[in-house]
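I have placed the structure first, in the form of structure tokens, so that the comments after it can refer back to it.
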Amino acid sequence: MKKIIDKSEFISKLKNGMSIMVGGFMVVGTPENLIEEIVKSDIKDLTIICNDAGLPNKGVGKLISAGKVKKLIASHIGLNPEAGKRMSEGTMEVELVPQGTLVEQIRSGGAGLGGFLTPTGLGTIVQEGKEIIEVEGEKFLLEKPLKADIALLLGHKVDEKGNTIYSKTTRNFNPMMATACEIVIVEAREVVSIGDLNPDNIVTPHIFVDYIVKGDK
Amino acid sequence: MNIKEFIAKRVAQELKDGNVVNLGIGLPTMVASFVTDDKDITFQSENGMLGLGPAPKEGEEDFDLTNAGGMPITMSTDGVCFDSATSFGIIRGGHVDITVLGSLQVDEKGNISNWIIPGKMVPGMGGAMDLVVGAKKVIVAMTHTAKGKMKILKKCTLPFTAVNQVNMIVTELGVMEITPEGILLTEIAPDTTVEQVQEVTEAKLIISDNLKTMNV
Amino acid sequence: MKKIIDKSEFISKLKNGMSIMVGGFMVVGTPENLIEEIVKSDIKDLTIICNDAGLPNKGVGKLISAGKVKKLIASHIGLNPEAGKRMSEGTMEVELVPQGTLVEQIRSGGAGLGGFLTPTGLGTIVQEGKEIIEVEGEKFLLEKPLKADIALLLGHKVDEKGNTIYSKTTRNFNPMMATACEIVIVEAREVVSIGDLNPDNIVTPHIFVDYIVKGDK
Amino acid sequence: MNIKEFIAKRVAQELKDGNVVNLGIGLPTMVASFVTDDKDITFQSENGMLGLGPAPKEGEEDFDLTNAGGMPITMSTDGVCFDSATSFGIIRGGHVDITVLGSLQVDEKGNISNWIIPGKMVPGMGGAMDLVVGAKKVIVAMTHTAKGKMKILKKCTLPFTAVNQVNMIVTELGVMEITPEGILLTEIAPDTTVEQVQEVTEAKLIISDNLKTMNV
């Protein structure tokens, strides 16, 4: 199967109202080229799942500023005043989730688990509406798995089959998101030949990657 | 040395050789520069790395290597990068010895509120809830008051970040430990009286029999 | 801290009755040198947690044959008739756990989770005594975290600080076990200098490793 | 071609281009050698790898690279190695399209029993319970009977590996699909009658209107 597609073919995979997981942490590890294509497109009413709200002019912040985000699920929006403004105005719904819980929810979604028990959030408003389960005398919150329609990731080196490695702290949420979405699209800084990556060092196996879009180095 | 540096330098004394430490954004980040060379401290950054090195020189930043504030950093030679699930496994699993973070409020039960001022400021909790619950020791490093308002309270009025998790508070006025009996003042800033500290602390302070002067 | 210790110092870390997680899958990825030291020692009454029972004369099978294992927690014992024999005789207790559940229990133990919900084992005898939790109409078993006193791992390249990489399918349970034990001891095929390993390729960060024992290449 | 090869070759026809497939120990392992070159199949091995290559030549085995039976294998150029938690994330998460495994018993509800004969044989379930629950399609590849005993039953008598998970059974006598109505015989071995198959099958077979002869 040919996985490498161009930017216009990329946009054809998206639909209004989709849920999209976007890799990156404070825009580090976010596929900016894919984001830019969505900004230029007519796609709207998106649910975005990302560690944070990016910056007003970078990362998922660009989607927020362009008014394309109906709902944001993130752990932090503090560096993007535009996100806070839209949240207060009520023009964008924001669901705040502890970072460790968010990434574990995504991992659970990808790994076929029905959820997990975490001590994080106990006794806080994060607990609201959630089941508390006691295991050997300790209390935990039951957190549920999270999946989405599309994952948009930033790969550092991606082979033609889709095997992906990440660079330094650009890795963050990317590998988990690769497992938890129907369609996984990697923006590749560099596309390499099959066999160029050491099998011990590949972080995201090719079976998770549906499409590769060549980005900037 | 300004107030923030004073606090950061005192916190640095709490870090023991071999510790794994996570520093929050802002004042806590400054702690790293006050760690003495005789200690081997591993700094963890929740966005996915271990082994923070010295700040990068201007023009030599690597934008693939950042801290949890998105700022470029460097890595020590023993550094390691990993994904966010691994990072929070480290944090929640008790593999971080000390987390240092700022706060809006702390109370005498060790409750901490530092992620939201409803209707006003909603930055989100980021990794703070996991860090405070997971780290073996939680040190709050902050100015004793904010714009004249007290921050060390009988009971936090803002939504909690976590319940019963804070172990120590370091401010420009003193060092306090959270004990089952309440907040124990163990050290006091030079040229400061216990009364002066109590005056800006809503919670009733227990004064250590062994009260020392902060040696910063 | 000096982490590199010799074999006699290694044995001094162990005590009768301890619980020990041992890396490896059908003896591939098992630290044979460490096992051999235990066989030669007086240590006994061990609880061993391992994917399987090894072979009669290899891996944890050597500990079983030497009568040092009081209880084995594993997913499979089929390749070691000695384990089956001791189980039937009642001289060794065996707890069989689905492989995916076992490794996830270990991961949960290391990651501070109170457990997880899995569909594996539903409607089978694995379900006995376990809580069934329904999430969005689907049923799951609640499985609890697993920890142990000691982890014995096989590292391919280990730097002097403890950063570890594994070779091919020797990786298996090793990285999870590194996170879930009080004391983690890695048998290193090769000890390299700090800085020799690429930070993006290290699988077990040094903070998990307490001791390194030089093994055979 | 012996009986096992016949079964394995028929199973190989079920593998579609692009599929991710896990093959159990024994007969199922043989399926790989019957996959035609026009299909790009990725074989997953639950001990932690993707991309099984051809069997290694004698003397060229790499004992760091094995399958779930501990036997040396080779890796295709696109191969990947990972830990067991990732491996079972792949399996339980539905990222394996087809799992092929042998069985002691299967029944008309799609229940499968293949990991224990109480008091007699207790090999353990290994990864089978996860594979059967997690894979999108479960194919049981086995001889139709064992030592004259029936294996395709109304209800399994041995402890279950999983409940309602089997999709297809391939034996030397036919190909059967598990449907809500029962076991549907869709293909039959050459020179075999439906009566002959039913005679060695405890479950009542539903015969497909479109019954074909196995073309192996």
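Going by the order they are written in, the chains are A, B, C and D; count residues from 1 in each one.
Heads up, the rule we're going with is that contacts are C-beta pairs under 8 Å (C-beta built on N, C-alpha and C of every residue); 3 or more make two chains touch, one makes a residue touch a chain.
All of these numbers come straight from a predicted model, not from anything done at the bench.
Asks: List every chain that touches both chain A and chain B.
Replies: Of all the chains present, those in contact with both chain A and chain B are C.
Asks: Starting at chain B, how many touch steps does it take at minimum to reach chain C?
Replies: 1
Asks: Among the chains, which one keeps its Cα centre farthest from the Cα centre of chain B?
Replies: D
Asks: Counting C-beta pairs in contact, which chain pair has more, A-D or C-D?
Replies: C-D
Asks: Round to the nearest whole Å and give the separation of the Cα centres of chain A and chain D.
Replies: Computed from C-alpha means, the inter-chain centre distance equals 35 Å.
Asks: Return the distance between the CA-based centres of chain A and chain C, expressed in whole Å.
Replies: The answer is 32 Å.
Asks: Chain C to chain D: how many Å between their CA centres?
Replies: So the centre of chain C lies 29 Å away from the centre of chain D.
Asks: Could you tell me the distance, in whole angstrom, between the mean C-alpha positions of chain B and chain D?
Replies: 55
Asks: Which residue numbers or ranges of chain C touch two or more of the other chains?
Replies: Those would be 104, 107, 111-113, 118-119, 167-168, 171, 199-200.
Asks: For chain B, what residues touch not just one other chain but two or more?
Replies: 49, 75, 81-82, 88, 91-92, 133-134
Asks: Can you work out from the touch definition every pair of chains that touches here?
Replies: Applying the touch rule to all chain pairs gives A-B, A-C, A-D, B-C, C-D.
Asks: Applying the document's contact rule, which stretches of chain C touch chain D when the two form their complex?
Replies: Residues of chain C touching chain D: 25-28, 51-52, 74-79, 84, 87-88, 94, 96, 98-101, 103-104, 106-107, 118-126, 156, 167-176, 203.
Asks: State the interface residues of chain A toward chain D in the complex, per the touch definition above.
Replies: Of all residues in chain A, those touching chain D are 1, 107, 109-113, 159, 161, 163, 179, 194-195, 199-200, 202, 205-208.
Asks: Where on chain B does chain C make contact in their complex?
Replies: It is residues 17-18, 20, 40, 42, 44, 49-51, 75, 77-82, 88-95, 133-134 of chain B that touch chain C.
Asks: Quick check on the complex: what are the chain D residues that touch chain C?
Replies: Against chain C, chain D makes touches at 45-49, 62-66, 68-70, 75, 81-85, 87-88, 91-92, 121-130, 133-134, 159-164.
Asks: List the residues on chain C that touch chain A in their complex, please.
Replies: Chain C reaches chain A through residues 104, 108, 111-119, 131, 133, 135-136, 138, 140, 142, 144-145, 165-168, 171, 198-201.
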